[in-house]
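Chain nomenclature is as follows: A, B and C, assigned in order of appearance, with residue numbering initiated at 1 for each chain independently.
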Amino acid sequence: MADKKEQSLFEAPPEGEQERMVEAILFASAEPISVADLNARMPHGCDAAAALALLRKRYEGRGVRVVKVGDAWAIRTAPDLGFLMQKETVETRKLSRAAIETLAIIAYHQPVTRAEIEEIRGVSVSRGTVDQLLELEWIRFGRRRMTPGRPVTYVVTQSFLDHFGLESARDLPGLKELRAAGLLENRPPPGALPEPGEEGEDADAGQSDMFEDES
Amino acid sequence: MADKKEQSLFEAPPEGEQERMVEAILFASAEPISVADLNARMPHGCDAAAALALLRKRYEGRGVRVVKVGDAWAIRTAPDLGFLMQKETVETRKLSRAAIETLAIIAYHQPVTRAEIEEIRGVSVSRGTVDQLLELEWIRFGRRRMTPGRPVTYVVTQSFLDHFGLESARDLPGLKELRAAGLLENRPPPGALPEPGEEGEDADAGQSDMFEDES
Amino acid sequence: MAEDAFEAMDVADRLAAEALIVDVDGFEGPLDLLLTLSRTQKVDLRKISVLQLARQYLHFVEQAKALRLELAADYLVMAAWLAFLKSRLLLPPDPADEGPSGEELAAHLAFQLERLQGMRDAAARLMARDQKGRDFFVRGIPEDISRIRHVTYTATLLDLMQAYARIRTRDEFRPFVLDRDSVFTMEEALERMRGLIGYAGDWTMLISYLPEGWEHDPVKRRSATAATFAASLELAKRGAIEIRQDAVFTPIQIRKKAV
C-alpha cells in the first residue's frame, strides 16, 4: 500500500483506482463527506468529483446508491429496499395463568358471564385478561343473559376450537377424564358427599345446555 | 436453485433483485450477517447464498469487498486502501507478547484448555491475559473437556475471524504446515502415564471436531 | 554418544549465554530461555543437541547464581530436571530402569521447543495479517434495523385442561374434616349436660340426657350415647355428679352431687 502513496507523488492514480478510493472512503466514513474532503484524503492529483461521478453511475440501480446529503456524499440503501431494514420477530409466549383459567372456564361453562367466571375462579377477572382472549379471537360475546342487568356472556370461537384441535367444546374432557388422566390429583376424602363423577356430569350437562343455546 | 423449487408456490424475486437485496443488507451492517439471517430478512423463496456468490464476484477488485467470516458475510474496504482511512483507524490496545501467543495457541489448538496453553508456553497464563482476549471478544469458552475436572476450553470467535480477515479457522496462516510437522498434536511427555492433564487423545479429537464443524 | 556429548561449549556460545544472564527478567520462563539458548546452535530445532542445550542451561543457572541473581523456582526446577536428563543421556541405559529413556525425554523437550517456536511464528504471521480497523474497515454509517416485534400467545389443550382441573380441584380441596353429621362429641355432650344437671336433684337415667332427635337413628344414638357417657364420667371426675349402675347392663343413673 505504501508504494501506491509514493507513486501518487509523481502522477495521479488511474481513474478506476480513484473510483475505488472514493468508494472505500464513502463506505468507511462515519459521516457524509464533501468533495473537498475527498480530495484532501486522496493522493495528490486525484479528481474526486470525477471519480464520484463514475461511482454514482456504477451504483445506479444497485441495492445501495451514492447520494448527496447537503453538500456532502454518502452511500445509502436504495429507497425501494427500505423494507429489508426491518427485522420482524415473532415471539411466542405462554398465556398467563389467569388467562388460561378464564379461558378454561369459558370453554367448560359457556355461555358464562364475568360474574360467573369470578365465582368459579374465586378471584376477580381483570379486563385485560378478557380483552386478551377476545383479541386472540379465542372467545367472543355470546347472548346477553336474561337476568337482571342483562349481563353479557362469553363463548369460545371457532378459532379456539381450531387452535386446540377440537371438533366442538363438547369434546373437552369432563372431570372424570381429567382425573383418569391424572390431571386431578387432590382426591376428596372418601365418603365426602360430592362424588367426583357427579361434578363431571354436571359440567357436561351445563355445557350441552349452553350449546343448545348456541345452535 | 432454491427459487426454482419454490417457484410453484411463490414467485421469488429475480436473481438480480436478490443480489441487490443482499447488497443493501450487507452495506447497512457493520457486523457480519449469516446466510440464515439474510434468508430470514429477504422475501420468501430467495436464495441468499446464490445472490452472495454473484455479489462477491461483482465486487472483486473494487474499493470494497464482500468477505466471508465464518458462516457470515460482510462488506469491508479493500486492504490496499487502508492508507486512505487514517481518520477511521481504531487504535487497538497493544497486546502483550503473552496475549498474542495465547491467542495464537487458542486459534491453532482450539478447543484448548488453560493447562494446555500453559504446557505449550511453559509458563502459567495470567488471568489478565485471558480476560483481555475475552473482552476483545476474540475468544470465548468452548465446551468443557470431558476429562477429570471438566476444564473449560477456549475457542476463537467470529469477531476474531472478522478482525484478521479470515474466512474460517482453517485459513489460519501456516496451519497446514504446523499440522504436518505434528506441532498441533498434544503429545504427552514420555513416561507420563495417566497423569492429570493427560488429555492428549481427547484434545486431538476435540480439535478435529472443531475444524470439521467449520466446513 | 558419551564422547561427543563431552564436546566443549565453544567460546561464542559461552559469551552468548552469559549475555543472557543480565536479561533474565526478560524471559518468560525456562522454556523461553531454552528456546533462546537453542538459537545459539544455529540448527534446525529438530536437529538440536539437547545435551548441549542442557549444558548451556545449567551453565546459565550457575552463572546466575554466581552473580547472586534471584532465579525463580521454576528455573531451578528446570535445572534439576535438565541435570537429570543430562545424566540419562550420558550414562548407558540401565535395563532395570523402568522410566523413559534419555532419548525419549530429549525428543520431547525438542518437540516442546519446536512447538513453542511454531506458535510464535504463527502468532507473528497472524499479527502481520491485514487487521480490521487498521488495514480494512467496516461500514461507517451502519443503518439501524428497526425491529418489529410480534407477540403471539399460545396454550395447549393440556394447559387448558390443567387449568380447569386446577380450578375444580381447588373447590373440592378443603382441609380434612370428618363428616360430622352423625357425630355427637363429648364437648357437645358436656355443654348439654352442664345446663341440664342443675335441674335434676335426684337420680335420673343417663339416657334421658341424649339430645333431642338423636334417639331414633341408630348411628346417631350410638354416638350420642357414647358422648354423653364420656361426658358423665368427666363430670363425675370433676366431682359435679355421682353415677350409679345397679347391675351389669342395667341403665346408668346420675345425679348432681350434693355440696
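The rule is simple: a residue touches a chain if its C-beta (ideal position, glycine included) is under 8 Å from a C-beta of that chain, and two chains touch if they have at least 3 such contacts.
Everything quoted here is computed from the prediction, not taken from an experiment.
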Item checked: Shortest chain-hopping distance from chain A out to chain B -> 1
Next item on the list: Using mean Cα positions as chain centres, tell me which chain lies farthest from chain A.
Entry: C
Note to self: Taking the mean of the C-alpha atoms as each chain's centre, how many Å separate chain B from chain C?
What the structure shows: 33
Checklist line | Whole-Å gap separating chain A and chain C, where each centre is the average of the chain's CA atoms | finding: 39
Checklist line | Of all residues in chain C, the ones touching two or more other chains | finding: 135, 137-140, 143, 145
Notebook entry, point to check: Residue numbers in chain A touching 2 or more other chains?
Noted result: 1, 24, 27-30, 75, 77, 85, 87
Check: Quick one: in the complex, what on chain A touches chain B?
Finding: 1-2, 4-5, 19-25, 27-30, 41-42, 61-64, 75, 77-78, 81, 84-85, 87
Checklist line | Contacting residues of chain B [partner chain C, same complex] | finding: 27-31, 74-79, 82, 85, 88-90, 92, 97-98, 100-101, 103-105, 107-108, 120-123, 162-166, 172-174, 178, 181-183, 187, 189-191
Check: Can you list the chain C residues touching chain A in their complex?
Finding: 135, 137-141, 143-157, 159-170, 172-173, 176, 179
Next item on the list: Report the residues of chain C in contact with chain B in the complex, numbered from low to high.
Entry: 28-32, 74, 99-101, 104-105, 107-108, 111-112, 114-116, 118-123, 125-127, 129-140, 142-143, 145
